[in-house]
Amino acid sequence: MGLLQPDWQWKKEKGSGVHQWIEQNPFPVNPDVVLFAAPLSRSSISVSGASLYPDAFRRGWKGFSVYNLDEHIDLSSLHVADLGDVPMHTTDIKESHRRIEAAAAQVASTFSNSYTCLIGGDHSITACSIRGIQKANPNERIGIIQFDTHLDVRNPDELGPANGTPIRQLIEGGVVNGSNIYNIGLHGFFNAPELVQYAVSQGIHMITLRTAREQGIIPTIREVLNALNESVDRIYVTVDMDVLDISVAQGVPASTPGGMTAYELFDALCEVGKADKAKHIDFVCLDPTKDTLAQATVKTGVYAFLQWLTGIQLLRQGT
Amino acid sequence: MGLLQPDWQWKKEKGSGVHQWIEQNPFPVNPDVVLFAAPLSRSSISVSGASLYPDAFRRGWKGFSVYNLDEHIDLSSLHVADLGDVPMHTTDIKESHRRIEAAAAQVASTFSNSYTCLIGGDHSITACSIRGIQKANPNERIGIIQFDTHLDVRNPDELGPANGTPIRQLIEGGVVNGSNIYNIGLHGFFNAPELVQYAVSQGIHMITLRTAREQGIIPTIREVLNALNESVDRIYVTVDMDVLDISVAQGVPASTPGGMTAYELFDALCEVGKADKAKHIDFVCLDPTKDTLAQATVKTGVYAFLQWLTGIQLLRQGT
Amino acid sequence: MGLLQPDWQWKKEKGSGVHQWIEQNPFPVNPDVVLFAAPLSRSSISVSGASLYPDAFRRGWKGFSVYNLDEHIDLSSLHVADLGDVPMHTTDIKESHRRIEAAAAQVASTFSNSYTCLIGGDHSITACSIRGIQKANPNERIGIIQFDTHLDVRNPDELGPANGTPIRQLIEGGVVNGSNIYNIGLHGFFNAPELVQYAVSQGIHMITLRTAREQGIIPTIREVLNALNESVDRIYVTVDMDVLDISVAQGVPASTPGGMTAYELFDALCEVGKADKAKHIDFVCLDPTKDTLAQATVKTGVYAFLQWLTGIQLLRQGT
Amino acid sequence: MGLLQPDWQWKKEKGSGVHQWIEQNPFPVNPDVVLFAAPLSRSSISVSGASLYPDAFRRGWKGFSVYNLDEHIDLSSLHVADLGDVPMHTTDIKESHRRIEAAAAQVASTFSNSYTCLIGGDHSITACSIRGIQKANPNERIGIIQFDTHLDVRNPDELGPANGTPIRQLIEGGVVNGSNIYNIGLHGFFNAPELVQYAVSQGIHMITLRTAREQGIIPTIREVLNALNESVDRIYVTVDMDVLDISVAQGVPASTPGGMTAYELFDALCEVGKADKAKHIDFVCLDPTKDTLAQATVKTGVYAFLQWLTGIQLLRQGT
Amino acid sequence: MGLLQPDWQWKKEKGSGVHQWIEQNPFPVNPDVVLFAAPLSRSSISVSGASLYPDAFRRGWKGFSVYNLDEHIDLSSLHVADLGDVPMHTTDIKESHRRIEAAAAQVASTFSNSYTCLIGGDHSITACSIRGIQKANPNERIGIIQFDTHLDVRNPDELGPANGTPIRQLIEGGVVNGSNIYNIGLHGFFNAPELVQYAVSQGIHMITLRTAREQGIIPTIREVLNALNESVDRIYVTVDMDVLDISVAQGVPASTPGGMTAYELFDALCEVGKADKAKHIDFVCLDPTKDTLAQATVKTGVYAFLQWLTGIQLLRQGT
Amino acid sequence: MGLLQPDWQWKKEKGSGVHQWIEQNPFPVNPDVVLFAAPLSRSSISVSGASLYPDAFRRGWKGFSVYNLDEHIDLSSLHVADLGDVPMHTTDIKESHRRIEAAAAQVASTFSNSYTCLIGGDHSITACSIRGIQKANPNERIGIIQFDTHLDVRNPDELGPANGTPIRQLIEGGVVNGSNIYNIGLHGFFNAPELVQYAVSQGIHMITLRTAREQGIIPTIREVLNALNESVDRIYVTVDMDVLDISVAQGVPASTPGGMTAYELFDALCEVGKADKAKHIDFVCLDPTKDTLAQATVKTGVYAFLQWLTGIQLLRQGT
């Protein structure tokens, strides 16, 4: 035989790895969940390589199976599609933000029956994402569940649309009402008093980690979901990975001591996934260049994403 | 005086360090516990330096005392002997496996009244170890308690005797009955659905970490021990260190988020040590070259080993 | 305009960062809390860069706000002053110890109405610090709450005034009675049996971490405070950061597996801050050169310090 | 004595360290050399922490003395003043660039008799800096000596004013004539063919590292200086630290194998310092967060700066 | 518009990056150079992750352009094809070696007019590779130029076909005559005396690094090529990356002080590329998991490969 | 057979590794070279783990063979004995220095026909070592060849006997005459002007690295040896590893850019070894905890030591 044996070539392996399951296709048909990414972190106040997380996140899929042993369910009947990255401008941050907003609007209208997940990038993208979703659903009220160590209500007049400002942008832009925002994970000494005052003045619900733990993470999430079910039409969940304790999230530049455990975040996200109105999620601020050698934080990020999908699948199965 | 003062020379220090207590001797007399090592990890599916763990484990003894403050007991009346390493072949993995099996058989028959502990190396050595023990005790039924994030029932026909296959090798080799295997620590998305199906088909008891936590780690272990006491003559405990959460076991290449805490493993191993039939243990898959600067994982490995000895000593003291 | 615009120059930023709040001044007027540092670690048995912690600690303030969200209190009405470093001798460890003792005495008498906090350096400085305080308050009985994985009662006759010996120095020097010492955090295999015997013989209260957890950290602290309130006039709290579990304190050379969580230490220190007689604290043995890239341990050290201040402020507010 | 001893306080140490010599003052009188910094790197094509170099550079002074042993000269009679940082906008890169340009113009006119040194930040700041200098000296022709592995003539129409574009911005902006640009240090495979074509078309002098080595680094610099002395009124030297070989500049994200040795750069900069018309220099693209544990790259950056000052001092001494 | 904009999708970028130029195709038509990889390092005597180099090598292409500035030539007219990886068995090293040998034979005969480059993996693969080439060219004599710090003539009877044995395997297998082997790069204390004696007894030409430097690297290579042109029909070049000095090759487990500089290796490989008979090359023993944060060694490996291609292109252009 | 097979036990391997050749014995008979160590670095001005170098140095032997390929000589006929460590006091630095001095005197008189090598520890030990040697040889004049980036003539009245002071201690103690001291390796900005003045005033020969390179390292060493042969009876060589460039000696806290290459140090030490009067050497200031992952600095330290032995062996062979 004069030809090379075909088993030398790269081929799409078959199997039950997450990387073999998620479809990478910008034009998927009837997906249950669509995924897209905004690799932007030059909008971060401090130096951040969170723009590299989308790639790290996708490469991280390889270490995960579609089977969730805790729940004994197989996720593979969920149709999950990765649309790819929104292309970022190299130096014009506002232009990058415009593109994210346009993309979010387009995704929300094109895939109006799907759950959407945006992978950051830093927290500045959340403001763009929610503005885009609102454009696609102009008559709906949007609520936010924010897992975060910070309020992210710093003043955009001072900083521009930086990663400390998205919640304030949305409130001041009239996109989301402060009383429809629930921040879970606040703790310690990481928010200036004037920002806390601002949050109070806007009616933001600040559920400290201590409070959440005392009443249980899952009951806390359920209570928040019940309240939002009353007051809004659509729930957006934003996961700033700095909500996690620094010992489990060394690769998130703003993570702190005293933060949420990974177990708590995993439980919370599964619960959120079961909520009908919680159609949108994002994961932000994970910088893979700061991660440990074992890539503990990136792996935690992938796990968190799969827990959300687990919740969705449990809802679909009527569990 | 024309001679050098003798206090310059290396001497065996006296004291209560673990390194001063464990006897390093291949021919010990009446040891309570014998220790030997199989520095093999070229059988690992992914690159692993677990072959370097035996050395790191022994060097790590220096930081530990023989006194367990939690239980207020002194381990030094236990006679623990380290027989050394089974010599590995440089490139012939099957030959290395043969030697480990022969060594395990020889140790089990030579020291039939002792507890034995095998330090790996990767998980492939567990199959060899249990086959060796069976040879030394041909008329006994052996059960397994497996602390592991994975089922390790991948197909040896495909991979050869790699570190993902030992449990399947033992089942298919007729050495251990699937229904006498208890896996504790399973969680998350780290086992392919077909492997779970295989485990179900073989009657392997899959106790997820969530379940174990809900009923308590110690009660879980007791329940498993009670069941095995009924069904087998001899219990082998295999500790794949990847059962630990990645934040406490960065030096185990396959550790994951959502895993067992060190506290849980320590409690479990003390409980196991108290069980009469649990004569054999191994610790595998810890790669010291991946550990943190503080060597947190190696230290956790030594602590885990001492917790097992604590259980044995508590049993001996009739506590 | 011929001059440079003034906004290029370094200026003291205004704001609510901890670095903007704590006064750096050796001659403060009516401070509530004074802080000083002893950058000495050549007295450590093993190589330690804990002498670099005071600088790292101060640089770490920048990431923290004066507002404690868990308690919803603003610390900024507390007047906290940093007096600077006690100058150390390059090679004469005893001279350095004399200077620390003199400084501690001077601080205790100059600021007799203030709380004092000494930042180490290694644990050898605690003996100097308490001797100095006793000199300033010669008619008072002093008790110690020691958060530590170790007893630190090694023999100074053998080692000199090294970091393993401070508690024994104080007992043998007649400065503190053994029965007025409470060690919280002991666990595992990190104290030689003869040291445990010494502690027993001196009446040191050894509260293992297991015991503290079983009865709750906060109730444990309260019980200890109650007991000391009866028996002494003044309580000194010494926090050897090696009390923390190695997974959260990689930057403490002697931290171990099985140690205290950061959450537990934070709760304990807030409780201690509320105690009227607990006027003095130190934090020792944190080596920033061993810390993780994310500086998790240094950040934990700053958080711990702020938790103590939180307790003080809660006491002042009568909460 | 009721007061604290004054030797505890922070005081400006006296001595011959570089940190004790350079004046930190935005309004210096008759400085020989002024230094200012532009901590901007969100304009970098790839993630960069070069914005943190100004701080690292200043902290690095502490390890250096004012005495140059190779030349046996003392630099302390040079009056060097550090004006501080140009304040950067958090998200508006163009605004940051405008500020750098304004600052450069102001510095060049305020200190028209001084040498100026700008510390980056990334290479995008060079375009701002030279435009500012031109504004301050509108009737002068400016030439550039560029130490760089790259041509930095990528298209700003595509990337905006990113760090790959400064030379092209200057040429297309009519600020500098391509034939007055000498790039020294080009080598290997790090410039696209179309960029080389552009450089050729603009008359940029590309002196490869191989060529420079064959004729000697110092003779090469002299030849370039002679040529520029003929054709321009003022020479700007820009040192992209990525010109250095990756083995000596691990902390420069774009450094490559086959680059300049530190010895060669040091020789070149001393020679440049001796040139009368070479009034301006910048150092860019050193990211201290990527540096080795020993901070080899930051130390090399400080050394390079001091070599330039050495050349200036040699010129002043008429050596 | 109801569809997603196509610029979100992944697309093959156009441009002059090496990753955009090399064709990834197991069935290329008329390639000038074919590349294939053998990701095997479990045959290494010490733990090695060199099996991960093929992937790291390919990902490293992105940082390199097709244009060689030193020679002012564009490589893009060379047709270079990457055939992919030879699939390795997980545990059967001999089977993996058989596959490499078969693949090398098949490549050599299928692409008999092409240069071939094999990317390792460890040095054990060189024996397989040369045996395969000999099978494809049974009537030709093969000579070897070996860049290596070691002789690699350890005894396969003892170690099996490990990475210390390939040259001896080839001599004892009658594949290559010792007198047709030229080792360049030997230095220091890294070969046992009995191995040197073996090399002498077989007529291996040992050209120490010192000797090569004294007569110049390029003249040395020419002399070797001239000699081999006389004595053999085909020259195989094997580059054990441990020939490089440890300061430039931290990511090669066996690199040593006193080794070759990167500049020397680059010059040597360009010279080798110009030699008509030197049709085959391999690069082995680079372990990307040990590399520096800046990936200095992987980048040096890619550069070295491109230098060889530069030589080929210079030969084709008749330069 | 009822016993364990003997091949499991630890045994002294036979072979040609340096670890198999050097005798570890405090009472050797007729050694050619004796080696002893002083694991002291708490005398260092900055934090240093150089006290851990003796252990790292000995463990590093394993990677080296007794055969020097550059010179084609086998070192194994040299009888080299390692006497072990001088026991250090934990906190009394002066006591440790007294022990080193006593040990050096004892070694020098006990092994008066041997070469001696002292492994540090930091540079403070050199003063002790030379004082000890002088005591053993009271009627001899001693000269020093110092490889160092620093003069090490800081004032012991200020610092005590710290690592910056040994040369001044020796001059002021009347042990060595300044004019018999040759410092090779000075360069850059690492010595305060007043220290240079002191050196000039004492007649210390300062041979900068630039000068040494211009006239060749080997000729420079020969010239120095010739001069010392005239003026003294005995030559002590002290190698402060910070003489090496920071890129090759990342594990030496005080190494700097612009330093000596490893090749230069290796050549110099071989030359020194050939000198009849140069009976004593030490290697100091290498801190293995700061070394790269590849342990490049420790390996360079072992290589340097073997180069000195090579010179001795060449002298013995009359080459």
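Brief remarks on what is shown
Labels for the chains are A, B, C, D, E and F, by order of writing; each one numbers its residues from 1.
Here is the rule we go by: a contact is a pair of C-beta atoms (placed from the backbone, for glycine too) under 8 Å apart; a residue touches a chain by one contact, two chains touch by 3 or more.
None of these values were measured; they are calculated from a predicted model.
The greatest centre-to-centre gap from chain C, using C-alpha centroids, is found for E. Counting the residue numbers used at the interface between chain B and chain E, over half appear in both copies, so the two copies meet with largely the same residues. Seen from the Cα centre of chain D, the chain whose own Cα centre is farthest off is B.
Chain A maps onto chain B through a rotation of 120 degrees [Cα fit, steps of 5, range 0 to 180]. Distance between chain centres (mean CA atoms), chain B to chain F: 44 Å.
Averaged Cα coordinates give chain B a centre that lies 57 Å from the centre of chain D.
Each of residues 247, 292 in chain A touches at least two other chains.
Contacts from chain F toward chain E in the complex involve residues 15-18, 63-70, 72, 74, 76, 247-248, 262-263, 266, 292-294, 296, 299-300, 303, 306. Contact residues of chain B toward chain A in the complex are 186-194, 196, 206, 208-210, 245-247, 250-251, 253, 255-258, 290, 292.
Against chain A, the residues of chain D that register as touching in their complex are 41-43, 45, 47-49, 51-52, 89-94, 124, 158-162, 289.
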